[in-house]
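Letters are used for the chains, namely A, B, C, D and E, taken in the order the chains are written, and counting of residues starts over at 1 for each.
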């Protein structure tokens, strides 16, 4: 039964999209129902997998592998075998669960809209792409799924977005399209280089990682590793919206429908971090180490810069975008540290930021649905008409600014524990982000939910029953990780340990 | 030896053995020509394209037969099957291209059936056999090893094409397009010939196979003149396949020609050009390629960049596709260009596989796109992007098909275009020309802008056509689209079959 | 360029012919009336035939006169007559185009010249004895054409058919339906 | 004795004259004629090499023959296109032919 | 009993969850009942534990595994030492009373239940903070109490001042928290653990895993960083500005959080982690100086404030400064003792003020009070007790503890600090009696209507006042020679002595009392007798000083213009850069490409000869380049 679960998870949404294609356009409510099923089943399966996951193992589990494409003479006289191979390890598992959760809740959070059928078709295609990115064990497959997210995103922003949707959709498309170039170049270069060592070419991540791990120094030169890592890192900077390549993210968040903002902030932009961990740290640890200072500096710049910019944003969604950038800067710092604490903190922060972004964008979407705006100055005193939403918004903001007992804190402190071990000075500058986060989030909260309620905001309705589901689930998870971080830590611990031992040796 | 010393005698059986597809097409062409004289105008109009397709299918089948012949010969360890002292050869390189040409032309003729209905001025029989002759020219370009023969084949294709472009002779744009094509084309021919003359001058041979060894000996002594000859030929051929900066005729000619002819130019003619380039440069220059590949790299890079950038602001869909096809020529040049750095024999097989795979993918997606375009622009009455506005409402089938073709051209995964690009990309990494591979995909990313512009028109905007009437798709066009669709998706999802096929080929007879 | 050049009848002839050829070419470029241009091209073709003779290609010289100076020039004249045009070329507007054209063509010419004369290539020493000594030019061509080059020869026939049909199709008058 | 270089130079000059004509003359017929001039230059080249080349051979002459034939076909088609064009636009000035641009 | 210490924070947590589930519409009586019961239960358990500790001394912490980080394992747990047993008892005791008091004070509030939820959450967090066996856990609860403070200060969210104050409280303390954050992270990096015991051992051995700094400097650095946390939380100069503003919250909150418990957490932390500070004399000096400055600084501001709660708040700041200073001069016992006594009498003062405020319709302006003794006798009496205790008049609690601090400062040789402390003591006595006289004596200066309706608020508010008064009187004896310094013995039960302990010095006691009496006398003269007109002083020669004090030495303004404004400006500048330069470059590339595309498009001019020319020029360039590269035959 476990045999094909991963395939099911990846392709059920796509199947849903296909089925949706045959639903008559006029059918009301049906698209959402189908989308719900098509995202709920993967969620269910993901949790079944989680239940059966053996976190004491550091390798891939539930693997499915089939040879898919053979390319003769791809490298010297060797045949390149591209596999359709899926698998989960401790690193992928949290991302899988995150994806399952956010995408399902995203559907739940979607309000009725124009052209709902198409919306959900594109949405489900996007979901398949996202699952694929985290489950693919083959670099080619990964790339394929990564590209697969581009097209639906273009339409999701372009059709259902805000007043600058066309421009922003294009920006998203081309920016990330360019990022995938770097990813592809580095992937294939890695595969070919690994072939020099092993004698067979494959794009399987695990075998490449092993090849790199045991390669003698002269077989794969340091220069090569450094060069490839730079290319990859550049792509990651774009994928993950790091300064100075971050400008697509605020625009995307500002212009996307709130469901899509949830998915972008919650899952899509985390792909970059996943690549950084999986490929950067997993395959090229020496290069990460070599460029550690650069990475750390970029990380700290992101933390501080994005926080400062967030401080003066007028729109909640842009503020949250910059907030996410700032948080992901912490991930870079943690990765640059290249020690157990830093890496674990990085993963924690990625997942935490995903959950928090999902929640925050959901809430802001709910506020927007009621008030028609996300401009901070146009809101005020929301605690009165909608105490529950305001309460959850506060909880999310607090989680985001790193309140202990919620996921943000443990992530932050782990990352800084790593960071201070390696880069005390830079990390000290980075802690400014902790203060600034409090400033911009509380300031925005103060102006949004506190203070006197303006007349036009009176009498707005509070959260509906269905809206409790995402809110409660998100908050519960955020608190769960905050209170009992082992639930996440045990998953990733072994994988990270295996990375760290490789750096040591 | 007697007085006929040195004269090779050709028997029909030899000819048939080697040139059966070409011969069947020539015969077919003449048959249609003759039948046209005896038949009523109406029945000729109706029958000619069908006949043409029939002959093309026959040629296709015969080409498949040739694969067997080559395989048998290779298994027996025989020399390359050839005519007239390697003037004309039978190998899988040629066969593959012949399949491409016959299939491509057949699809073009299929599309033409609809074209004839709406362009009564076009003379169907002439059109049909010109297509067949043009295909023969293309086949010769793929199979000849002799400069003279290659040149004749090239001109057979070119001259037929000029006429085909001008076929809508009451259509000012058609004749203008033909004129531009002809002027640039013949200047290019002259350039290529000028280059060939130098090549001939040094080697004393018009035969590539024999000239190559002479060339290797004389390379150092005569490098300037040989490189000059090579480059002049490159310029000449570059015009034919529309490499930047020799591409400017293409948008105008593509726009002027009727849709089937345009797709013929974009697919068959371009593929033939690449067959020619590969034949000449692989056979003539393979051993000195390290010295000259850099010019191909320059052209490939230029073509990818300029082709894609120029398309960004293009609103006319046919011109857009023209620029797109220019850009694709850039991609197609890469496999050959990378050979300069990785000159092992495996690399040659890889490069050939890449080129052919991409051409096949390109065939499916381009044909499909032109078929959709034909219907859509006709209904809208113009050829701008506006014609596609809200297509998803008017015809979901056309909308989805066009989306698939466009995404394939843009190089999105699970389409033939993506696999093709990836395949080509492998070569650049293989030879450590990372930047070129990067450029390949970077320009594709830039190209998203205009490809998605098409998709935007289809899906994002509402129809501007007053009547939201459904578009009726004629059967022949429908079949064309379906072929394109299936090909694009199958090659995208399961390229392995094609890869295996390519891998099993005896490219040059061995 | 002329160093070591032995003045013989042949060389004199060559330079005269070359002069004539270039003069006709320049005339072609500078003439305003289309008809004069057509005539000057005739001159070029004939001059070229003379060069062919110098190069011991008698048959081709003959063919050149026949095909070009005869057929093609006549065809050109017909075409000129069929298409009305202003007798004169309209005065050229001063644009960058001619300048670039000059630069481009001159550039190409100079490059070729450099390759031919100054790149250090050692062209074979021209000898008085022809490689075709004592052989019948027409026979040689014929033998070669009908044995070695029979395939392109056949193909050319197809090309000619295409040209023929194409020309008719495009040029003949509209049929009255 | 005449050498290869002189003939090649002559060919180059003719080629360039033809090229220049093709690029600048306004009458399409003359443009076509100029192309013929270029081909003539090619022929001179070929014949030069056939006579004085490294390995003189008859092939050059054969090549020339084919070039001439094809050139004739090209001109024929070119003129036909010109006539069709003229019928449509009533001009044979190449610079008027810009219905399609941009 | 000690192993059951986890029950103590559990009670309020359960109460919180229960109230949360019951929702905001729960009956006031039930809400109060649950909360008070929970706190009371906690208090009883605390007492049991106290006696256990008193009998058996400190015990090893109880820990359980929390998170694995590579080879390290982070744990959570609880521990009971004499110090935190004392804290537990004090916190639960005051909490119980405050919860009770709030029933009267918050009666009828729309979000009554929510208020109790927050309070319970706070009590839970505070207790959790106290029983934490490691710094990480401390930090977590440290932040949580900050959160509760934020929530409760901003409880009346619709008041913009309350919202602003809440935000300010959180952010300013967070600045300190970041210091603590860095401090404990460095401790972890240096020692590999967060556990107190492990950390102390490492600090003793001076063996650290950090090599970019010498061990001694590292100790100082870490000490100061951790102390920065205490500065923020305990409102020490220069991060004191949030505490007076926090008075926007309901008064019970001020009593519990901003007087007795949370603000003392900084002092508690320094005391608990004293070995860290003790290891570096430099750190101690810094601590002493900061404490001294705070004590005198806040006292000076307190002289002129007109808001009854703000005066008490500044008094809190000042008293916390005393405690910190005491730690700085290694008067460990004195500090912790003052921490305890202060908790009682300051909670008392706040609750009494609350009672006054409640009685006169939530007016807090001293200038509109007066003559309330007749109307609120019980409040008056209890306030008087609190004031006397604060002033350090024997035998009230404050006398004993403050005396010890002065003694410690004097004996340690920090005479400047000693002098500052003495002046501060004078000021303290003066301002608290200023409040007393302005509130309870003379004529009522507000609206008559309000005065007429003023009355005591019934037993729920009275009982806490009385109980606290009693404590404020008796608790000081615990560490007096009269009881043989019982507190001190208790504190060091089962462990080594920490800090310096000095014999009681009656001369010092006399001096302190004298200074306090002088202060009270001056206040009497100015505000009761009116023989010295305060207005004359304020507008006369002392005007600049008066203005300085009244405006809190312009610290808020300074921060606003030196820190807040520049940071916001930097934000704006960076936002501009982000929009127009970073994104501008992106767009420039985009637009540039499009312009290039247009250029290419229009170069396509329809002229076939142009095309030919472009072809030719391209070819010439290519061939020219090639020929240049080939360079002829050698």
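Keep this in mind: a residue touches a chain if its C-beta (ideal position, glycine included) is under 8 Å from a C-beta of that chain, and two chains touch if they have at least 3 such contacts.
The shown structure was predicted, so the numbers you read here are calculated from the model rather than taken from an experiment.
Asker: When you check each chain against chain A and chain C, which touch both of them?
Answerer: Under the touch definition, chain A and chain C have B, E as mutual neighbours.
Asker: When every step has to jump to a touching chain, what is the lowest number of steps that links chain D to chain E?
Answerer: Between chain D and chain E, the shortest chain-hopping route counts 1.
Asker: As a test of understanding: of all chains, whose mean C-alpha position lies farthest from that of chain C?
Answerer: Farthest chain from chain C, going by C-alpha centroids: E.
Asker: Find the most central chain, measuring centrality by the gap between its CA centroid and the centroid of all protein CA atoms shown.
Answerer: A
Asker: Which chain pair has the highest count of C-beta pairs that touch?
Answerer: C-D
Asker: Take the average of all CA coordinates in chain B, do the same for chain E, and state the distance between these two points in whole angstrom.
Answerer: 78
Asker: Go ahead and note the Å separation of the Cα centroids belonging to chain A and chain E.
Answerer: The answer is 37 Å.
Asker: Suppose each chain is reduced to the average of its Cα coordinates; what separation in Å results between chain A and chain D?
Answerer: 63
Asker: With chain centres defined as C-alpha means, what is the inter-centre distance between chain C and chain E in Å?
Answerer: 100
Asker: For chain A, what residues touch not just one other chain but two or more?
Answerer: 174
Asker: Two-or-more-chain contact residues of chain E, please, as numbers and ranges.
Answerer: Those would be 601, 604, 606-610, 612-613, 616-617, 619, 623, 627, 630, 632-633.
Asker: Spell out, as numbers or ranges, the residues of chain D touching 2 or more other chains.
Answerer: 4, 15, 18-19, 22-24, 31-32, 48, 53-54, 56-57, 59, 62, 66, 70, 73-74, 77, 80-82, 84, 94, 97-101
Asker: Using the touch rule from the top of the page, what pairs of chains touch, sorted by label?
Answerer: Between chains, contact exists in these pairs: A-B, A-E, B-C, B-D, B-E, C-D, C-E, D-E.
Asker: Enumerate the contact residues on chain E facing chain B in the complex.
Answerer: Residue positions touching the partner: 593-594, 596-598, 600-601, 603-604, 606, 608-612, 614-615, 617-619, 622-623, 626-627, 630, 632-633.
Asker: Can you list the residues on chain C that touch chain B in the complex?
Answerer: Within the complex, chain C touches chain B at residues 111-112, 114-116, 119-122, 143, 146-152, 155-156, 158-159, 161-163, 165-166, 169-170, 174.
Asker: Going by the contact rule set out above, which residues of chain B touch chain A in the complex?
Answerer: 344, 346-347, 349-350, 353, 407, 412-414, 418-419, 422-423, 425-426, 429-430, 434, 437-438, 441-442, 444-446, 448-449, 452, 455-456, 459-460, 495-496, 499-500, 502-503
Asker: So in the complex, which bits of chain E are touching chain A?
Answerer: Checking each residue of chain E against chain A gives 24, 65-72, 136, 139-144, 147, 150, 154, 157-158, 160, 162-164, 166-167, 170-171, 174-175, 177-178, 181-182, 185-186, 188-189, 209-210, 212, 567-568, 570-572, 574-575, 578, 582-583, 585-586, 590.
Asker: For a test of understanding, state which residues of chain D touch chain E in their complex under the given definition.
Answerer: Going by the criterion above, the answer is residues 19, 22-24, 31, 94-95, 97-102.
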